[in-house]
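Both of the next two complexes hold subunit A, though its partner changes from subunit B to subunit C.
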Partner chain A sequence: MDQFNEIINTFFFIILPYLSIFTFLLVSIYRYRSRSFVYSSLSSQFLENRQHFWGMVPFHYGILTILAGHLVWFLFPKTTLLWNSVPLRLYIMEVSVFIFGLITFTGLINIIIRRRSDKKTRVITTTTDWIVLILLTIQIISGLYVAFFYRWGSSWFASSMSPYLHSIFKFNPDLAFISSMPFMVKLHIISAFSIILLFPFTRLVHVLVVPNPYLWRKPQVVRWNWDRKKIRDIENNSI
Partner chain B sequence: MDIRSQISMVFHLDKCIGCHTCSIACKNIWTDRKGTEYMWWNNVETKPGTGFPTKWEDQEKYKGGWELKKGKVVLKSTNKVKTVTNIFHNPNMPTMDDYYEPWEYDYKELFNSKESDDQPTAKPVSMVTGEYIDIKAGPNWDDDLSGSPIYARNDINLENLTPEQKKQMFEIERLVMFYLPRICNHCLNPACVASCPSGALYKRGEDGIVLLDQKRCRAWRACISACPYKKTYYNWSSGKSEKCILCFPRVETGQAPACFHSCVGRIRYLGVLLYDADKIEEIASLPDEKLVEAHRSIILDPFDEKVISEAKRNGIADSTIDAAQKSPVYNFVVKWGLALPPHIEYRTLPMLFYVPPLLPVMSAQDGDTVKNINNEFFPDFEKARVPMKYMANLFSAGNESFIRYTLEKQTAVRAYRRAVTVGDIDMKDAEKALLKADCSKEEAEAIYKSTSLSTFEERFVIPASHREQAIEMYEDPLKLKQETGFGFKDKPKRGL
Partner chain C sequence: MRKLYFIVLAILFFLSFSVLYGQSTEEFFERNCFSCHTIGGGRLTGPDLKNVDQRKDTAWLEKFILNPEVILRGGDPYAAKLLKEARGVRMTRVAGLTSGLVKNLLKFIKEESAKEKTRFAKSALKERPLTPEDIVLGRQFFLGTLPLTNKGPACLGCHSIAGEGFFGGGNLGPDLTSVIGRLGGKTALMAWLSNPSSATMSPIYRKQPLDEEEILPLVAFFKSKSEKNASYMEVHDFNFMIFGFIGLILVLLIFDLLWGKRLRSVREKLVKGELE
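Entry: the complex of A and B
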């Protein structure tokens, strides 16, 4: 049994993470360079506008906040633990994370209902879209479960997940931190790495092309297909 | 001074017969693919009417174009902050319902239906869902429906007309209407380009054609609401926006764009204009009443020695300068002052100009009969036509003097030519009319020639594109057959 557990753990918490991270990096870059046409948010707002609002807005604002929270716990584990050392502050943290989780979940449910009920939107929904939606559902439900039943998820992240991830990035994976975690926490981790694994093959790639250059570029864009001065020289020579 | 060249256009509305040949020519070449069925890069609208997409001129609804805020010209639909906050859901975006759901017909019904008392019909099938649909709207649904209360009376351009003018309008709208063919205006200050979060939209430096890089487009949809003319379209299948490309592969090989080439009424003119790119922002920031004049002033005289030497210094080819000197667009817009930009108050500085139609109304309803109200050949256009204010709302930001000028000149040229060829108008009267219309005899002849007799080569003056330096044309166009357009190397499949 122990051996079996070890194999399972090795597969899900060592092999899967590395597979995910390298696939994510290599395939994303390769596809961006060779087939940038496929990088698109594939918006369907044009076909259906109202349900779109109630799905997209809560989902995106919710998930961005949650991801930002995870990032803070990962980067500043000590600060997180210090903050959580006062029970009231821990509860504030956990409750707000849970609320944003619920917002995200509401958005996701609306997205799924929209994709099922609107005829036009259904036509352009692909199998990979459904895989993404199912994975996100698992991810969010397991996250909500952890936030609701173990109200110290953020401390766990800081004390166990963060060192585990650091060990992964240092190419010296150490499972000691997470092997004793409850099933739902493990599921949350596994589905997270599955999403990262499938990321470059799905519409999720739109996350990588967020339009930050817009914020500082000039309003008008002009592209020249040829060297203006050179054209002139050719002209002069030919005269 | 930063002189650039721009391929510009004039549509002579007095000659448009509303045959939609241009639309079909364009559709057959560019937008017969999945996801583009509903797009009409070129469409022809009946005016007064609500157009395509419905009420596109209503910028309170769509927030297209630019507006002045504290003297600065800014986009109406978006800004740097809104780009971030509205990226998940664009609040002003038109949806397919504002255009129409494309359909085809189930023709096999005609052959397979069982024998019955009724004729079999080909039922309409949605090209999106593949299911039978009730057709509710189409791309030219209000074609020729100028008198209709649903379409004509909802025209945005009627808004600030006096009740009297409106009455005049409704009385004659049963008798008169005109057509407005529309393509992308390839603006000098394009709102679509300025709004694109990905920088996918751009203006080609060499000829000013506004294009959309399919590989950079990420479907953030900002251009769809930002373009006040609604000439960027969203391909719902490929998840990319598309727009009129002014048939650049044809222009680069010296051919007129398909809609120009196929125009039955020969209403279309294409030519080069030289302009000063440094002045764009300054001019786009002027108050409404100064815009038409200022827009004209950005266009430079291609015969001016200083302009020529400056243009050469800026890398503009001799062939382009030569084309600019022969440009029919320059004549119509600057030299004769006949052509006006559509809705210049959107401040995109459109480079497509329209010669407003004369639309003389010769008769009016009198009880059950129609009586002749004009004994003159050329009626008083203050009364017997679509109100001047309506035209002004469409073509000169409400400034009637520009409309009066072009209509007076057009009328005078006709009177003059009638005096020359038919002789039932006294030459003295014709000359008086010309003088009043600020037009010399030579100019009248030139306008007449350009309007009525001009050949293919005179209507479309296309400069050599110097493809030896162009990246785009290194590739064999035939290599890309069966794929989407030019420069589009991937199959237009949705997603990954």
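Entry: the complex of A and C
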């Protein structure tokens, strides 16, 4: 039983992380160099826009905030603990992160509903897109579960998760910090590394090529410069 | 490219396996066992281990130490007796324990038992009467408002205690309101805090141990809590959830106010104009 546990832990918390990180680095570069034109998340905004807003906007603002939080806890654990040393500040951090977790989840649910219910978007949704959505669902549900049932995550992330993650990046993995964490915490870690592993093979690569100038360029309205009705008629007649 | 990928991966696997560092049996005992057991100093959370090999046969002891949970769950009558004596506190499996190490540990305990004086008879911590000031200090250490000397994380991050904080303490670890009774009194709790042996706390506080002058105030704080709050209502979960959902609704409203019309107002008019 113990040996089995040890093998499982070694696989998921040592082998999987390294496999993920290096697949992510190498394949992302390889794919960018060899097939840069499909290095995006094929937009479906033209196909359906109303539900799109309530999926994309909450999801992206949510996930960016949450990721920024995790990154700060990972890079500056001591500062995090110092911030959390006043209970009020700890509560502000935890409630904000929980709120943004719920926002991300709301966005994700809308994305999934839209992709299932809207005919046009369903057609262009590939199997890998569904895999990404399933992984994100696991990731966000486990994250919310951990945030609620195993408080206060920001504090123990800084004192237990950061040393574990640091040990991975120092090529001297130390599982002592996480080997006895609850199942949901482990699931959250495993699904995070799975997402990183699949990252370069999926639409997630758009994270690396965010068109930042969109933030400050002038809005554009795209219109078709031909008579769409006429074209539709021709198409219909030909069928 | 593919070849390079596999080469890099192979090198990394090789690098990633850590080298196990050696430690003596004595050190192992001090770090992992001494927080709950003395050798000849009487009971702490767990029983005194002096001459333990005369109370139970070696084969049973080896099996139990290697994985207490299996024996406890198996319904062994002697294990059940031990559990009762420890007021239900279960001995945890010690990480990194091998059957070879267990044999060495038993040998070590036997040797120490034979000695007239061993440093494992009594914790090195000095005891003194606890004062009301200790309770105030202990509360600050618990909350984190007063930093710990060795920069260890404050208790509140993982533990709740009755009557502290609007959202309460953490719940990754157990509630500490009655911890002093659970672990078996002041001395046992002091010994435990000087070397926390739980799987989650041990790697953290091994590097950043609690200071003697932090342990005593914390014990005073826990003692006062256990005396005052035999039972209490827990509302923190509810508070936290409600704040979460109120926040969610507020942020969605802000999104709608800010950008709800961003994508629709201009284009809808244009598209309509085109259709008419």
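We adopt the following convention: the second predicted complex is superposed on the first by the 211 of 239 C-alpha atoms of A that agree within 3 Å, B and C clash if a C-alpha of one lies under 4 Å from a C-alpha of the other, contacts with A are read in each partner's own complex, and residues count from 1 in each chain.
Operating definition for what follows: contacts are C-beta pairs under 8 Å (C-beta built on N, C-alpha and C of every residue); 3 or more make two chains touch, one makes a residue touch a chain.
Here the structure is a predicted model, which means the values were calculated and not measured.
Once chain A of one complex is fitted onto chain A of the other, the partner contacts of A:V221 extend to both subunit B and subunit C. In the superposition on chain A, A:M181 contacts subunit C only, with no contact to subunit B. After overlaying the two complexes on the shared chain, residue contacts for A:N49 are found with subunit B and with subunit C alike. Once the two complexes are overlaid on the shared chain, A:F148 sits against subunit C while remaining clear of subunit B. Shared-chain residue A:L81: touches subunit C; no touch with subunit B. Once the two complexes are overlaid on the shared chain, A:L19 sits against subunit C while remaining clear of subunit B.
Within subunit A, the residues touched by subunit B in the first complex and by subunit C in the second are 49, 53, 57, 61, 219, 221, 223. For subunit C in complex with subunit A, the residues that touch the partner chain are 1, 4-5, 8-9, 12-13, 15-18, 67, 70, 93, 95, 143-145, 147, 151-154, 156-158, 164-172, 198-200, 202-204, 237, 240-241, 243-245, 247-248, 251-252, 255, 259-260, 262-264, 266-267, 270, 274.
Those residues of subunit A that touch subunit B in the shared complex are 31, 35-49, 52-53, 56-57, 59-61, 119-120, 123-124, 126, 128-129, 200-203, 205-206, 209, 211, 213-215, 217, 219-232, 234-235, 239.
By the touch criterion stated above, subunit B contacts subunit A in their complex at residues 75, 80, 83-84, 87-90, 93, 95-96, 128-131, 189-190, 193-194, 196-199, 201-206, 214-221, 224, 234, 236-240, 280, 312, 314-319, 466, 468-472, 488-490, 492-496.
Residues 1-2, 14-15, 18-19, 22-23, 26-27, 30, 49-50, 53, 57-58, 61, 78, 81, 84-87, 90-91, 94-96, 98-100, 102-103, 106, 148-152, 155-156, 158-160, 163, 171-174, 176-177, 179-182, 219, 221, 223 of subunit A are the ones that touch subunit C when the two sit in their complex.
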